[in-house]
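You will see two complexes here that share chain A, one where it goes with chain B and one where it goes with chain C.
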Partner chain A sequence: MNGKAARGRFIASFLAPAFALYGIFVLWPLVQAFQISLYQWRGTSDVVRWRGLENYRELATDKVVAEAVGNNLYMLGVGGLLIFALALLFSHAVLANSRLSRAFESIALFPQVASTVVVALLWQFMFHPQFGPIPLLQKSMGLGEFESGWLATPSVALPAVTVAFVWFATGFYILLFTAGLRQIPGEVNEAATLDGCQGWRRFASVTWPLLWSIRRTAVTYLVITVMNTFALVYLMTKGAPDRRTEVMLTYLYELAFTNSEWGSASALAVVNFLLVMALAFGVRLLFRRDPTAART
Partner chain B sequence: MKTARTALLVAGLLLVGLPLLWVLVASLKPSLSVISDPWGLPMPPRWANYGEAWTEARISSGFFNSLAATVGTLAILLPVGSMAAYVFARYSFRLSGPLYALMLGGMMFPIFLVIVPLFILMRQLSLLNSLPGLILVYVAFSLSFTVFVMRGFFEVIPEELAEAARMDGAGHASVFWRIMFPLSRPGLTVAGIFNAIGLWNEYGLALVLLQKPEVRTLPLAVADLSQTQQYQADFGALFAALVIVMIPLLVAYALLRHRLHEAMLAGAVKG
Partner chain C sequence: MEMKSPFSFSLLSLALLVVASSCGPAGTTTASEPESGTGGEVKVAPDAPAAPTGEGELKGTLEVQAFKGGYGLDFYEDAAKKFSESHPDLIIKVEGNPRVWEQLKPRLVAGDPPDLMYPGWGMDHWALVADGQLMTLDAALDSPAAGGNGTWRDTFEPALLKLGQQNGRTYVLPYFFNVNGWWYDKSVFDANGWAPPQNYTELLSLCEKIKAKGIAPITYQGKYPYYMMFGMVLPWARSAGGAEVIDRMQRLEPGAWKDPAVLKAAEMIVELRDKGYFETGATAMTHTESQADFVVGKAAMIPCGTWLFSEMKDNLKSTNQLTFFLPPVLGEGKGDPGSVIVSIEPWMIPAKAKNPDAAVAYYKYMTAVGVAKRFVATKGTLTAIKGSDEGSLLPVLQEPSRIFKASGDVWSWQVRDWYKEMHTEVENALTSLLNKELTPEQFVDRCEAAAEKTRYDASIVKHTL
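Take a look at the complex of A and B:
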């Protein structure tokens, strides 16, 4: 019996199917994405011309790219603050472990499980100028109305999309922060209470620092989710009105599949990827020191 | 303090629940009263909306295409992913570390980074507008996560079970198929449900790779429906279509909520 050779053959044959599929459909296109970004390639013709970094230079001066990155960062900043505030608030409420809190916990994550298509269309209807509950409430409270609806009014379209995003995403962060709060040992909170440290002060000086690693995970996740937003925006507004809700990936889709500018689209994909990497790296730097470690 | 907490939870329940409830109510109303009487209850409920959404609006074909794409993907993904995960979990060999890192690398970048070259590749292979083509792509892009999850499950299966089979003269492969693969059922359930939800909802890849209406999956069919002129007035059927997308998800979620919560947290807290 040739055990060693048989073992080698077994390992190779069990890895082969996975790596074949992964190599062809994931790794090979990944290599090509970087390559294509250096060429001028119109999807409509076979002419492929070397352009070096010209595609990138064009994107750097493209006003739409600037607008899209700005909108991504708006969703990250405003949406992120809202999500974190809500998640912290609700995770404290969920800890009580009553029947009500369990009911809330079970429903809070559902928007995340329901598809983004459902969330996008649902919120398109919530803002619908003819029958959307939000414009109707707004009118009945005497707050006026937006003639063409929220999603078509430049000043409020992006906030409206951000609201939909917050509704979609918050559940996951509630789950995350609840898990973090449950990890804090009971003795820590008891000791704080004995020292007369309660309520807001306990939150600021005990809970918040102890949630350090959870916060780092949460911010990293948020960066990745927001910068890779596509379906929600594409289905709610397609970037309209006047690109006021355009995000990087909706513009990428337009470049690639409406304008057939494959070179520029790939360059934008690379820029998006590098930006996410840079932001994730920034998050690591920001959270590089464990605030609880120094105090032992 | 207690009343504040109760008020907060009730507000949270309403914030998440009311929009969903509103869709459900609207799905049972005639289209006209969706607009004329937006706060009214559907009396009597108009079940015909579901029939119309199902038959006239390609929702049924979308539903079956999505079902085929999801089931087809899992049928390839779970065995193929498990085989690789098993080797990474139980065998040490020279390239094990780098190959595993390479496999996990797939979780690091967004699908849109490769969307253009992938489209070009699929066109060259004549696999555009084809469900089998979409399934191959889905398998490839779900492998990283699946291998990662399944490896954890294979690592904790006791070695003695495999030992006994080997004593009986079973080869490496037959130990896997007869003993290890069946024993990893809890892992297969987690990986299966997690992937199934993602696949059922997948929009970006399907949008790019499927352009003919007859092959389009459910998310695409519903999105198309909301944008076709004819149905922009038929709101009842549109809301019914949204409910049809959500039902399988609600069922899966209700059945496996705790498992799902754990799986989501495991990925996040470790990472």
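Take a look at the complex of A and C:
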């Protein structure tokens, strides 16, 4: 009995610092954000005014929030599909194990290693209406041009930002899928080959199901990354033109720093948190069952 | 299947971490927010204390925090040195940087502000007023000016002093100010035999001539639509319908934006756009990009304030002769054709300043006409101090100064400072108008809706003209 309590204390003493740090730096700010979201606070004094759920009610009818969430989901859907397609393609290429593929594997992560500021500047240049390579290419191929460039043209601004995001993010997923492909036992592939299962067929029936756990991790991580996109969008467009590239966190920034509405900004942070949690939970449900386990 | 529980834990912690970082701004600032004693009850901003007159004996430390923009900090530092010569017991600290408001906000929240501040464009000074964070300056303004005759109040241009007032009280003071209008390059115009247009009809015929030469007649800072608000939409609405139209918009009166004068202004923008008088791609341009195109002669005219010269100093060639002129308003409009739209960058004394007496005295010294004249001469901008432009003026300032003095209608667009959310919506609507996504009618409808939303939002402090 005594020994057990001592052992408990011993274990607790090891766990305490981690819990304390987590509590102070993760849980407490979260609680505070929720608390502020119930007040009006201008962020310039200690004066606050109770608003209850009023900040949330306003967000619910705010067209900008709806547009921003829509843009986040667009980036998640379109960007996500592109990222996964490219990552799967490139990770197969990396497995070829040639000198070229090894070189590629080491540079695939470069965009992610580079600072977001650099990435944003690079893509601003890529889309620049006067000297950007993409508009020049577009013009030389006889595809017309956007007078104000891609990033200021309402119909293509969001696709352009999504392209930049895909370029930035794909490297990480190549890494992830490459690891996943390497995990698939050689004998499984050999058996498939012996059974005459090759190419697309082998990918669909063997590789894809066996990538299940990697896919689940990848989708979860993607949801979190896209729904919390801020710096890339803020630096590239600040949500322009007319909110076409606004995402939740750029609007949160505007609420807090331009409009001095920290209560509304915190409410949006809470909404964003709940939305990410809900989506992540949805992903978990979607990938609930291991398809290979189901077959046995 | 066994993976389930460790996975869900890592998922939870990941999501939490991400949100913790996503609400970083709220999270970090609230750490210093003393929120005690606010358990639900409405807490009204305390009555703002009044600043002293600066007449007392000065001692201790005076801390000045200033935005380091195009005009630097050296002038304020130099003034501090000269001022402290006659006040040996006073130590003056002048500090600042280009994002000084970021350091000032947490200090204001924590109740430890400097004694005098010029926090720059990132500070919402009307929010400070609403929260009772600034001293009222009227007692100080009614006390004697530095070394001169009359009251301190008399040293300021009244139209500019008014911009820092609310409900009959003065909260912020101007130092230098901006005159907004249009610019052309005199050397380019002279070489082509062009003259700056006196009204909108002349503008149209001039644009046709400029376009024929292969030069873009007008460029603008499309990424920041407020330049076009200050340079075109608002002056044109005031010209078409008179001062009352703008006043009604600033008072958030129902239907103010639907006035035919505002619609007319939007139609003028669309006319210039459709006739191809705007530089191609200008909606995508930053201020520096469009201004650079103007300076190198790719575009002939640009709307901008008097800061244009100092901002573009490094890009100018010796042949450039940037010259200011008033927005070419309607020849037959109801408004005063000499009407001038100005803006100030305010200085203020926090309610919790520790040495407000010294702050007032130092700022009085800065506004002594001799000191202000030196600012005008060295920094190339006008100040709100009467007579400060009577010394040597840079050529680039001569027109703005003459026009400002001759004008019988000096006004400002305070909606941009008062109702930030509404102004963003108006600017976005202007972008969409330029992008042909809105008709002029839809543009005014959207602005009207934004004004209405502001009018009915009880959480937004309303201002009076």
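Quick note on the criterion: the second predicted complex is superposed on the first by the 264 of 296 C-alpha atoms of A that agree within 3 Å, B and C clash if a C-alpha of one lies under 4 Å from a C-alpha of the other, contacts with A are read in each partner's own complex, and residues count from 1 in each chain.
Simple rule for what comes next: a residue touches a chain if its C-beta (ideal position, glycine included) is under 8 Å from a C-beta of that chain, and two chains touch if they have at least 3 such contacts.
This one's a predicted model, so the numbers in the text were calculated from it and none came from an experiment.
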| item | value |
| --- | --- |
| First, second, both or neither for A:138, with chain B first and chain C second | neither |
| Partner chain in contact with A:152 - chain B first, chain C second, else both or neither | second |
| First, second, both or neither for A:126, with chain B first and chain C second | first |
| Per-residue contact with chain A, leading partner among chain C and chain B | B |
| Which of chain B and chain C A:189 touches, first, second, both or neither | neither |
| Partner chain in contact with A:172 - chain B first, chain C second, else both or neither | first |
| First, second, both or neither for A:51, with chain B first and chain C second | second |
| Touching partner for A:115 - first (chain B), second (chain C), both, neither | first |
| Footprint overlap on chain A, where chain B in one structure and chain C in the other make contact | 25-27, 29-30, 32-33, 36, 130, 220-221, 224, 228, 230, 249, 252-253, 256-257, 262, 265-266, 269-270, 272-273, 276 |
| Residues of chain B defined as touching chain A within the complex | 5-6, 8-10, 12-13, 15-17, 19-20, 22-23, 26, 34-35, 38-39, 80-81, 83-84, 86-87, 91, 93, 99, 102-103, 106, 109-110, 112-121, 136-137, 139-141, 143-144, 147, 171-173, 176, 197, 200-201, 203-204, 208, 219, 222-223, 226, 235, 238-239, 242, 245-246, 249-250, 252-253, 257, 260-261, 264-265, 268-269, 271 |
| For the chain A and chain B complex, residues of the former touching the latter | 6-8, 10-11, 13-15, 17-19, 21-22, 24-30, 32-33, 36, 89-90, 92-94, 96, 100-101, 103-104, 106-111, 113-118, 120-126, 130-131, 133, 136, 167, 171-172, 175-176, 179, 214, 217, 220-221, 224, 228, 230-231, 235, 249, 252-253, 256-257, 262, 265-266, 269-270, 272-273, 276 |
| Chain A partner contacts - residues on chain C that touch it in the complex | 1, 3, 7-8, 11, 13-23, 25-31, 33-35, 38, 40-43, 45, 105, 108-109, 111, 122-124, 127-128, 130-133, 222-223, 280-284, 420-421, 424, 428-429, 431-432, 435, 437, 459 |
| Contacting residues of chain A [partner chain C, same complex] | 25-27, 29-30, 32-33, 35-36, 39-51, 54, 129-130, 147-149, 151-154, 213, 216, 220-221, 224, 228, 230, 238, 240-243, 249, 252-254, 256-262, 265-266, 269-270, 272-273, 276-277, 280, 284, 290, 293 |
